[in-house]
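One structure coming up, written as structure tokens, with questions to follow.
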Amino acid sequence: MSISPPLLTLTTDFGTQDSYVSQMKGVILSHAPQARLVDLSHELPPQNVLAASLFLEQVVPTFPNDTIHLCVVDPGVGSQRRGVAVEFPSGRFVGPDNGLLTHWLEREQPLNVVELNQPQWWRQPVSRTFHGRDVFAPVAAAWCRGHKLDELGTAAQNPLVLLPQPAVVRTDEALTGEVIAVDHYGNLITNLVATDVEHFAAGHHVFVEVGRQTNCKIHACYADVPNGQLLALIGSSQRLEISVNCGHAAQTLNATTGTPVCVKPAG
Amino acid sequence: MSISPPLLTLTTDFGTQDSYVSQMKGVILSHAPQARLVDLSHELPPQNVLAASLFLEQVVPTFPNDTIHLCVVDPGVGSQRRGVAVEFPSGRFVGPDNGLLTHWLEREQPLNVVELNQPQWWRQPVSRTFHGRDVFAPVAAAWCRGHKLDELGTAAQNPLVLLPQPAVVRTDEALTGEVIAVDHYGNLITNLVATDVEHFAAGHHVFVEVGRQTNCKIHACYADVPNGQLLALIGSSQRLEISVNCGHAAQTLNATTGTPVCVKPAG
Amino acid sequence: MSISPPLLTLTTDFGTQDSYVSQMKGVILSHAPQARLVDLSHELPPQNVLAASLFLEQVVPTFPNDTIHLCVVDPGVGSQRRGVAVEFPSGRFVGPDNGLLTHWLEREQPLNVVELNQPQWWRQPVSRTFHGRDVFAPVAAAWCRGHKLDELGTAAQNPLVLLPQPAVVRTDEALTGEVIAVDHYGNLITNLVATDVEHFAAGHHVFVEVGRQTNCKIHACYADVPNGQLLALIGSSQRLEISVNCGHAAQTLNATTGTPVCVKPAG
């Protein structure tokens, strides 16, 4: 164990106008005064669990392995959904078991999963609408202080929730997926990963079709095409992205999450 | 006193596009290099002092008692309004005396209030438009370093400013208040607190009327009703809230701050 | 050198919805676990290098001199533009050499400039689209850990990039500049600095003309005029600003970046 406490990251869909995130920070720092908080994002799409799962997939590998990732995107708060704490080889997770780990579980298997059922760790009384503050924050703080995972809950009896993901379809003529996220710059992030595309495109030029418009080739970086021109590239998360150099592809193409994207060998 | 310096939180309506918040951080960290800054929100409604007061009420109780809360929502900057530093049992405050403590003062009385009138602590020259950077930040930093409150100013001669708040009206037939905030999810937060509502509703089912529409019962959590259905509940701040499960109540009801909300016994 | 590591600030145009900023934080904290990160802004205008340069000018002087400022507004990522690390008397910079230092270089000369050409410090493989994560973050982390500037790269052979800036024109009758930024409150920040204006206005009342509308005098603070009234003042960054007290000057005047602003002696 390191001398200083592990990092504790915060990821929510709470926005930053309201006091929800701050209340969680207060609870954590009251229970673990030495915690080193790191804000990841509080602007995730509201109540979109799959988007949060994708976010975690992209971020977790960059952090130290003992980091605790507290993630609360929790449309089912107060219902029967479980809270869990999970230890993976590359990081630790605290949050609702509602599919937030869907992408992470594709990459590695958990070492240990506990169901959060030990109310002695919780902030009382527990609100029915804000387990982020009353359950997940104090549990993460206790873990951060050095308590063991099996003190925080008991071994989970059921597997973690996995959400269905949009399919990738491969034929001899084409590889078809869809847009799964639109970033701040309007880049369209797809569910086609680099290894799929490279395999398909081996030795070929390829065209990428977005919606009904066929109009770009795969390049290496934005600056490979003139300003305002459409291109495809393998983005920094190893996914096929559709971009406009110094522009906004989502607006240009009127595309959004769910828009089909198809890769075909050039003419 | 703890070995590490107390936490120092930052709450403003400055937004995060401009450099104002960052300049305050720089000044604090230049004067108190070991300060442990915690961003609460910089997205409070511009120049809305009462909204900031409500925000502090919700956040302060979650933090350690020695935390310094630096809050700058300051439409009167450069005028005759005072700057103050205040010690409460549950936290410490630095900022303008313009009503930011309205809600906090309902909960507890200050132990000590000083008026910030000792320019030797300030960043010179003091801008007429940015006391957050030039007065409040260096004063908070000095307090954080361990200077005493009575070094930072002299005992305040006048009481702290209290802002008028919307009234709650109670009759035999109904309890009437209004929406005082709309959160990130579109939930309508009212000025009806749990103890009011519970007392009124003791032994009764109740209906909640928002604006002219009467259409929801009080439930325990969002998931108690189907997606898209309106409900009322006691939110995590112990206030009556109007919500749409997995929806946006403010848009659904065309309601906003000031919209009347009325609780009545069910038919 | 201080006992604790220097502060490391983060400034980007990445927004906070996506995982880009978080990935940079993860890389820095993996390479320099004791780094003390300070978020400045991630909401800078997308791909607007000059706006980011102005932001740095306003913020850097408030921070300790050994602070490392990591700034990534990088429309040319993956092209031939250099990455640099620069030591100034008042701070240290890591980022692309694309004009981000334009304003800073007006104030002081660098002590040392290196070109980032030592891949052993970088995260491999280096993405063509995200040098913030793969080049600048690990280099800043290494600098933060105490490595010397000349380990991180070799002495730069060419001068740092300077971007053209809008001109200030002075005649006997008028001083003319333009709006260079609109802040969160709608205040119009101009390229007319205090010393210019004071000199011009010495002993005179002056009028400020924005676009085609002539209608305000220079005052000392917002509260000097009634709510809703237009005024000019020397803002906290020592620039002439056009404001509406408790209002939004940009909307009121239909003004934006590039709108001409002219100062004339009062009739």
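Of note:
To keep things simple, chains are lettered A, B and C as they appear, and every chain counts its residues starting from 1.
The rule is simple: a residue touches a chain if its C-beta (ideal position, glycine included) is under 8 Å from a C-beta of that chain, and two chains touch if they have at least 3 such contacts.
Owing to the predicted nature of the structure, the values given are computational and were not obtained by experimental measurement.
With rounding to the nearest 5, the Cα superposition of subunit B on subunit C corresponds to a rotation angle of 120 degrees. Interface note: subunit A and subunit C, two copies of one sequence, contact each other through mostly non-matching residue numbers (shared numbers fall below half of all numbers used).
Averaged C-alpha coordinates give centres for subunit A and subunit C that are 31 Å from one another. Multi-chain contact residues of subunit B (touching two or more other chains): 39. Interface residues of subunit A, counted against subunit B in their complex, comprise 14-27, 29-30, 33-34, 37, 39, 46-47, 75-79, 127-130, 133-134. Those residues of subunit A that touch subunit C in the complex are listed here as 2, 4, 7, 9, 11, 38-45, 55, 58-64, 67, 181, 183-185, 220-224, 233, 235-237, 246.
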